[in-house]
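Remarks on the structure that follows.
Think of it as A, B, C and D in the order they're written, each chain with its own count starting at 1.
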Amino acid sequence: MDARQRPKPTGIVLKPMRRTGKQLARTLILGKPNTVLYPEEKLDLPQIYRGKHVLDFKKCIGCGNCVLVCPNDCMWLEKVEDPELGKIERPGVDLGRCLFCGFCAEVCPTVALHMTTEFELADRDRDNLRLGPLDIRDDSFGETFIEERQKRLVPVLDLSKCTDCEMCAGECPEMCIAMMPIENTDRKKPEMNLAKCLSHGKCAEACPEKALTMTEVYESYFDMSEPDLVLEKCSGCGACARKCPSEAIYMLEMPGTEKTLKGGKKGKPKKRAVFVLEKCVGCGRCHKACRFDAIDMPGVRK
Amino acid sequence: MSEGSERDSTGVVGIEKAPSRIGENPENRVLRALAESFPRTVSGGTQLRPGVIRARVDRSDLYSACRTLRDDLGFEHLTMISAVDYEDRFEIVYHITSYQSRLLIELISTAPKDDPVVDSVSSVWGGANWQERESYDLMGIVFNSHPKLERILLPKDVLYHPLRKDFRG
Amino acid sequence: MNLFEFCHGIIHWLVDLVNNLWYWLGDFLPWYFGDLFTAIGDFAASEGHLLFMTVLVESVVIIVVALINVLNFLWIFRKLSGRILDFYGPYYVGYRIGGWLQNLADGVKLFTKEIITPTKADRLGFLLAPVIFVGSSVTILAVIPLSANFGLSTTSEPGEYVSAGALFALAAFSIAPFAILLAGWSSNNKYTLIGGMRSAAQMMSYEIPLLLAAASVFLLAGSFNFVDIVDAQHDMWFFIPLFIGFVVFLICLIAEVEIIPFDLPEAEAELVEGWTTEYGGMRFGLFYMTTAVRSYAGGALATAFFLGGWQGPWFVPDEIWFLIKAYIVYTVFMWLTWSVPRVRIDQMLVFGWRRLLPLAVLNLLIAAALKSGGWL
Amino acid sequence: MAEMWINMGPQHPMTHGLWNLRVKIDGETIVAAEPEVGYLHRGIEKICEARTYPQIIPIADRLCYGSSLTWSHLYCLTIEDLMDVEVPERAEYIRVMAIEMQRIASHLMWLAAYAGDLGLAVGFTYTMRDREVLVDLLQALTGSRLTYNYPRIGGVAHDLPPDFERDTIRAVQYMEMRLKEYEDLFDGSKIFMMRNVGIGILRKEDGINLGVTGPSLRASGVDYDLRKDMPYSVYPEMDFEVATHEDGDCYARYRVRMDEMWESCRIIRQALQKMPKGRWRIVAPRNAPAGTGLGRVEDPRGEAVMYAVGDGTDRPYRLKIRSPIFVTVSAAPKILVGYKLADVVAIMGGLDMCIGENDR
């Protein structure tokens, strides 16, 4: 109750007239009312203002997470040809349906999609509001933009080099690496609890085969669904690895999956898809590409 | 309205009337009073959180349970009526607040799919009037003895209840 | 030289010029043409025709000046509203003269709009209402002089103007409610009907204090003539002895010109646009313009009655003094308008009958006492 | 004059949205009133059933154009209750601060509309001008001016921008200065008092029985504020008072909202002082378990409640939204009858209609 005094309802019209008179005198003397003369002056917009989209073609990996997360279905992936990048898929946006919620920029795993402060988007033709990837392309925007999301160093495992030596698990100061057996195979692999990881990099230094490398990943706040391999169904065709935009899948021969041939001899080990979940962006393209339904992804429709 | 002042006093008296055990918190007291008044129809009384309790009531005793809640236990504010379309039943959920003991009770009543009828409580709480109309409009729950059970949000001539799960636009 | 002499001189000169032309032309033509021309020339040079033409030209000059005044008024209204309400007001149209041309642009826009008459409206009344409203309001301007030399006079004698000009102005001022009632009723719309009814009640109850306050001025001045009234204020402006009357007069004027504390007939929050709801296009534009005309007339009446008319130091012409005072009265109106909300109709009527009427009567008594005591 | 029905709406300056109030008047006195709503029904509850949990946040923003942050916050509270997510403490403080800013902005918008209704154009422009200060702050915080899309399930979207504390303190000081000016403009005006005192009296018993909540009920003398009585977020840490008034008329409703703005200024200062360092967001799970979640907040218009039913997938099975103004407007006939036609704008304006949340 310190700053607050209940006003006494007094005065006929003189009190309000004093206030408006002050205002009149102020605007007449200063000659400048509070209004912003819009087309000539504009408001200062903060950097996080959500206006028109821009896309950095070089950073974008074409995963389509922005399309997945869009509440209004106003984004789509489009095939474009670029002289440098070749045949690629990049998102376009229909500003006529966009809510400007900013989820697409927030979910982008490589921070390639931004929203600018440009808000003058009105047009006479609705078709002009449908912006393809080339319309929103701006490869240099990211340099002027301070991304709020932090980059983070996480250890990424190359399973083909791993020898199950457990050196990394012993070195981790946070005790966040545990050796877990891979199902249906004879192998084990280190599993990282990334929530506890503080990016010391001790595990990568300790690895004798250099199978662990520290890679920079942007923090993600969206719980995207993760792929899960059904080993019996996997044929080893590698379609998922070819489709993966973030190179999080590679094919590897798995010891322990050999079929027992006649006479007790063992055949060649099968190739199986291996997921690097640290790199996975959860776009679900492997799930869509798999013809054998070997990849489970809850919540992603085919 | 003399009824209002009367209700204020009876609410307090009602809580005092129930013989309180030492250390019994108000949530349990309300649940016990409700279960004692309607031993056969009120079930599943639980405390969800401090200040929030839940009970299920059969739809045959819904009206009298609500009367008891308002008149004897001091729940004088009907916060919300929501209808949920489950696969096998409709659930009509009443959230009722007490301004005196600062409690919220979640009273759940069910109705079968083929007969979505419950008693109206709009004579108990005037605020239920439009909320019941809304439930009727969007979910198709029929409230018995409602003063004016008409569509409220949708036009008068639509034939469907859009919040039902079998509704396909 | 006053306006009459000025116009008379011009007309005289023109008639002489044309007559010379006629006579010169008649010399070259057969005799009957010459006689005809002579007759026409004699008629043109006759005193009655000269007087008629003079008054006609005088009226046109006065109306043109008044309408330019109205544009000024609307500009001041919009600019001042803008400054009080913390925005710019008219800005781009006529950028160098502070957006003065905005009203002309709005007028042109309103001219291009379709004029709609509702199907079930009473067509005659619907058509007649703007005519009466605009006509009666513009008529007020005819008798309000800007100075002792700038007004509608019947003779060349300065000071002899329409002898009951003030009375005529007040009478013309109070015709408008009939037009409003007619407009409200003939539009066949509930909002306009309520607006019209409110207007009738409002005008009726505020007319009486207005006239009583004006009557005290007439009593002190001893005349209904504007020039006499202003001359009577040579020693002391009337708002000092008749301060109560001045305040009552201003309040009643606010009610008469329907601006915000008393704009109940067109209270846009509850009655959409009141009695003008069904009018569109230039008909609405006329109403809008006429509101400014009435505001100007009100300011001018207050100036002439209480603020010493065109009296002021010599370095500014009399006409400018008069306009400045009228504008200041209007500015105070605007200032009050934007500072207070709108009252309710019953409160307003109670205020009119129970507060203003006794005050006006008291003021009249004071004036009578002053006059009979010989102090003024 | 005989009795006649007048349609105030759907296109009428009084409605501030799209609804219809049919009043029956005898002369200028109201003898009956009948609100009709539903013109802005967008089926948000049904839309939500087809969206994943995060995708609903921007849609919850669209419920009310006056205080969108409150609704997305309420949605996040509900889903956090459903999912059992613990929110970082810093996020809670940021939320409380942002919501109180939103509350001031919403009340200022109400005051602007109210003043405009009563014919006080100065009240409209001054309050909207000062609301701009808060909107600018919220824009710097959230990145948008009207539909903020700021709270997230498990935190808030961004941390405070640089210099935000300084700007906020300045804005609060500015607001306190301005609130005094409004009190001169409104309370100091005889005509404003004439239009408000004793108009639209809602008695305590009627208010409780008809389900009126929020400032309109507190103006009738019921000391009930969810921030105090069923605290959520970090409101227990805050020191503030619940503004109440005994009279139950339009002036009381105006007074309660003005006092709430003072209290909100206090809460903003305290939230800034007590705000801890740390994370402002955690990753929420994608799917909600089967069960129910309930969120209740004190909206600027009253008690806003959401009831979510989860079924184990990433989309809600049912999301019921309780709009405070939907119930309040159903009590309007009770308040209106007996007053003058011109009081309709004062009474309905004083209830703070928001059709976006009313029709959903």
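Remarks
What we mean here is this: a residue touches a chain if its C-beta (ideal position, glycine included) is under 8 Å from a C-beta of that chain, and two chains touch if they have at least 3 such contacts.
Here the structure is a predicted model, which is why all the values come from computation and not from measurement.
When the interfaces A-D and A-C are ranked by C-beta pairs in contact, the top one is A-D. Subunit A and subunit D have centres, each the mean of its CA atoms, that are 34 Å apart. Our note on geometry: subunit A versus subunit C, Cα centroid distance of 71 Å, whole angstroms.
Averaged C-alpha coordinates give centres for subunit B and subunit D that are 25 Å from one another. Each chain gets a centre from the mean of its Cα atoms; for subunit C and subunit D, those two points are 48 Å apart.
Residue positions of subunit D touching 2 or more other chains: 122, 126, 129, 185, 189, 191. Residue positions of subunit B in touch with at least two other chains are not found. Across the assembly, subunit A contributes residues 13, 16, 19-20, 23, 34 that each touch 2 or more other chains.
Here, these are the chain pairs in contact: A-C, A-D, B-D, C-D. Subunit B makes touch with subunit D in their complex at residues 1, 3-5, 7, 51-52, 76-80, 82-85, 93, 95, 99, 102, 104, 106, 125-131, 134, 138, 151-155, 162-163.
By the touch criterion given at the top, residues 51-52, 54-59, 122, 126, 129, 136, 139-140, 142-144, 147, 149, 152, 155, 157-159, 161, 176, 181, 183-191, 193, 241, 259, 262, 265, 281, 283-287, 313-314 of subunit D touch subunit A in their complex.
Within the complex formed with subunit A, the residues of subunit C that make contact are 80, 82-84, 86-88, 91, 261, 335-336, 338-340. Residues 1, 3-4, 7-16, 18-20, 23, 34, 43, 45-46, 48-50, 69-71, 99-103, 106, 115, 148, 220-225, 298-299 of subunit A are the ones that touch subunit D when the two sit in their complex. Per the touch definition, subunit C reaches subunit D in the complex via residues 81, 84-87, 190-191, 194, 197, 260-261, 263-264, 267-270, 272, 338-347.
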